[in-house]
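Next up: some structures, all given as structure tokens.
Next, two complexes with chain A in common: one pairs it with chain B, the other with chain C.
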Partner chain A sequence: MTMFGLALRALLFRGRTLAIAFLPLAIGIVAVIIRLAADPVDFDSAYATLGGNLLIGVVLSLVSLVIGVNAFDDEREGGTLPLLMSTSTPRWRIVGAKLAAAWITTVLVSLPAVVGIGVLGTGEELDTGKVWSSLLAATLLTAAAYTALFVLLSLVSGRGLFIGLAYVVIWEISLAGPVTALRNLSVAAYGRRVLGAPWAEDLVPFNIADVGVVVGGVVLAVAAAALGLLAVRRLPRIDAAAG
Partner chain B sequence: MTAAPAAPVSTAPVVLDNVSKWFGDTVALSDVSYELFPGVTGLLGHNGAGKSTTLSLMAGWTSPSQGTVRVLGRDPRAEPKVHEGLGVVPDSEGLWPFLTARQTVELLASQRGVAAAGAAAKAALERVGLTEAADRKVAGFSKGMRQRVKLAQALAHDPAVLLLDEPLNGLDPAQRRADVELIRRLGAEGRTVLVSSHILTEVERMASRLLVVVNGRLVAEGTAEGIRDLMTDRPRTVRISTDDARRLGGLLLADGVVHAVELEGEELTVETAQAVALATRLPVLAREAGLWLRRVEPVGEDLESVFAALTSAARGVGR
Partner chain C sequence: MTSPTRPPAVLYDIRYSRFTGQLRPRVYAVLALARSSALGALGVRRSTGAKIWPFLLVVVAYAPAVVAVGIPLLVPDNDEFTEPLDFVSYYELLALIATPLLAYVATTIPSLLTRDRRDRVLTLYFSTALSAWEYVLGKVIAALLLILLVTLGPLLVLLIGGALVSDSPIDYVGDHAADLPKVVLAGVLLALFHAGWGLAIGSLTPRRVFAVGGYLGVMLVASTLGGAVASISNSDAFLAFVLPIVPIDMTASFLDTPEGNVTAPQGLLWAVWLVVVLGAAAVLWRRYRGGRES
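Our next item is the complex of A and B:
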């Protein structure tokens, strides 16, 4: 077993991961029900609400939070962090394994919502290929940025879950999304920018960062890489023996 | 102009040089210096004395607030490679519950640079007596079995230095005996082994050298006998069997070498703060009075009582 295999197994089968999985599952089911039962004229607003607001703004942030923070919190709480730090494995590889495992787990757990919303999106007049590609790109990039942020948070504070929840609710959902001036400081706003690719820029039906689609994607990728590097620098400095 | 001679570089596998560690206002370890050499060294101290902090510093899990730690010539905090020659049994019970004992030991051996990690894991599990349970998930293991998995993972990469934090916790008496013997053998093989414990009788059976930590300070260092010798001036109780206990008790009190006497038939129990003076004066007084000394034996000379006295003497020091 590799360090990545250990990290993935530890995250995939945790009770908290299974508990948070109900959120994207429920949203995916709702999206499919709307696709099957609603009038096609409602698809546009339903896709905007479920994709732009719920998937990018709420689901990915909360799923990434629970999984990203657990990446190191579980080791700390379970008393296995000292064992992990008693290996000669370079610390960047441990962080890299944790980041990759948290990112993949976040995407897998969010997949029911992504698929359901994608099915809903293909019911409207948008280009099907663009709907799926923008949805997948937005999911992968937003999850990467959020995951890196919350993995770093778990290395900085023992109260990562509470701090992260406050960040998501206060900043991402309440302030940076609705307030135009703060939008370029929100992870979700860049994610929505990528998700909004099928529409003309002035017709995107949700709040987006004030940049182009490609720049929005690059910002998320760079943010994920930078936060990951900070996590790599942070791991050797933590007190592995502290409970 | 001639250059100042360089300070001699210690060849000891583990070196702590003026190491202190504090958490906020709490001093966990205060200005501790010592070197560990091949063989088993016992690290004694009550809970909270600073034993686990010492091991954490050596394992590189935490940084010293002051001073330097070197293990096999490296800084264990900055150089993870040191773990290829260092095995650690942490105090925490943590193991990944979804892994089997074999997977756990194999994983950690491979992460410490062992090429044939499977074979190394098999040998280590056999050495700690866990062969039969090797393929069971550790989630169902007793505390003692978990302790053995932790010991196996510390041995699998054949390290030169072993740090064992309370390794006998949770073991039944038979397992304790087996592990005491195993740790002695590890020391005899030329490894540098540090075993922390608060159970002195066990440490005495394993370790040729002892370090006593009280309130974050190293208060005694040496062999068990040497540590007892450090305590010559502490109050001691001595039981004396003679043909006239009442008379000998009176003579000792009059001489001033004892401050309390208790009679029990032909036996006399005396308390003294001057053990050396008593040892000198007792035969003289008995000979002058024409008394036979049948038996003279100290009471409470086990290491436990010595440790209690050291702890008491150091109370209030540090924290």
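Our next item is the complex of A and C:
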């Protein structure tokens, strides 16, 4: 089995990962119920809240944190990291496989929420194609940037979980979201910029980074690639034997 | 060849012998477990890095109360703020610390149980003077103490600080004597709610990262969903699903609240609180009833 296959099996096909999927599933179900039962005039605010604030701001950040930190922590705690490091596999392939597996797992776990929110979004007077494409692009790019960040954090420090949690709760949720001046330093703000593509820039109903849609997407992709490269550079330097 | 400076060999008599120290009731074992668990969660007797996060959050939780107590001292002739409660009420203080409380509970409470499961030491615990129930009781006490530190503590700082900075402390104590049982009740309501949920999540997995994610995920997702559905349906009842503020809004029935403050109906809030606390108790019972690692 390839390195990627092993990494994906270790992350995705686990009971605890499936348990996490219950939250996005609940969000998806609530979104569909709102689509079916609520007054259409409320779809706009519901899509903004569930898509912009909940999916991009909370769900993707938390799922990426748990999955991303776990990618190498599982090996650390299981004592298999020294074994992995002693193989002749290039470091970039190890990190690349872990990153890709964590990214795919994050996207798949969040998928029920994405689908439900997409169904809700198509009830608005927005272009259906734009709603789905912006939602999927925002999910894929935001998950990539968050996952790369948290995988890197888990390689930089044994306390990657706490640092990542501080970043999500203090920076992303409490500071960068509400404070206009800090939005251009927030992963979620760029993700919301991509999600807000169906609206004119001044009509987007959630807080976004002060850039265009394409630039927002490029920033997320570049951030994910840069953080991934840093993780590749970091891996040979970690103390594999340390718990 | 032996060195002339080496001490002579000694044979120690290490045969089985009875314990000759003072025998204490079993409750001491429970309290010792609670104490060591609570101190461990705060990073005491661990590395400096382990202390930074919990103590940072403790400082953040106390900051509003300390500032409120300090203002009348720093600006003595201010007619608007003559006492700390003019600056921030007990209810507002609890609302202010809601976010740091979530982060604090997420990182300290589930790990009270996950660490022992991860290290597979439960069987070792249960082979000592501790039964499974006493183990759970010790962990519950530890969780309550940890959460009371950041819920009841700041409220008491506000209450006691008000008396200390008052021109007439005795009159102040007389005027606010009825506040003490109320703030204690508020602190206990919050502590039971978060301790129950945090420990229940922690009992379900040996991996801390999943317990932290599960606790925060449910709290934050329920908050946003509850708020969104309440807004769409124009029904305050759905605010009862904004879990982090459920125990805080419950205190609105006995603490002063800001004008125009909207909460879910009190009966519904108490029902949700009871479901969470009793549900958590049921999960703990299910996970530890056999007295073994499951």
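One rule holds for everything that comes next: the second predicted complex is superposed on the first by the 240 of 243 C-alpha atoms of A that agree within 3 Å, B and C clash if a C-alpha of one lies under 4 Å from a C-alpha of the other, contacts with A are read in each partner's own complex, and residues count from 1 in each chain.
Definition applied: a residue touches a chain if its C-beta (ideal position, glycine included) is under 8 Å from a C-beta of that chain, and two chains touch if they have at least 3 such contacts.
Everything quoted here is computed from the prediction, not taken from an experiment.
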Checklist entry - So, does A:46 touch the first partner chain B, the second partner chain C, both, or neither? => result second
Checklist entry - Is A:90 in contact with chain B, with chain C, with both, or with neither (first, second, both, neither)? => result first
Next on the checklist: In the overlaid three-chain picture, which partner chain does A:63 touch, first (chain B) or second (chain C), both, or neither?
Outcome noted: second
Checklist entry - Can A:3 be said to touch chain B (first), chain C (second), both, or neither? => result first
Checklist entry - Of the partners chain B and chain C, which touch A:13 in the superposed model: first, second, both, neither? => result first
Checklist entry - Given the touch rule stated above, what does A:233 touch, chain B (first), chain C (second), both, or neither? => result neither
Checklist entry - When the two structures are laid over each other on chain A, which of chain B and chain C touches more residues of chain A? => result C
Checklist entry - Touching A:73, do we find chain B (first), chain C (second), both, or neither? => result second
Checklist entry - Of the residues on chain A, which ones does chain B touch that chain C also touches? => result none
Checklist entry - Which bits of chain A are touching chain C when the two form their complex? => result 16, 19-20, 23, 26-27, 30, 34, 38-39, 42, 45-46, 49-50, 53-54, 58-59, 62-63, 65-66, 69-70, 73, 77, 159, 161-162, 165-166, 169-170, 173-174
Item to check | Of all residues in chain A, those that touch chain B in their complex | outcome: 1, 3, 6, 9-10, 13, 75, 78-83, 85-91, 236-237, 239-243
Item to check | Interface residues, chain B side, partner chain A - complex | outcome: 52-53, 56, 59-63, 77-78, 80-84, 86, 88, 90, 92-99, 103, 106-108, 111-113, 153
Checklist outcome for this item: In the complex, chain C touches chain A at residues 49-50, 53, 99, 102-103, 106-107, 118, 204-205, 207-210, 212-214, 216-218, 220-221, 224-225, 227-229, 231-233
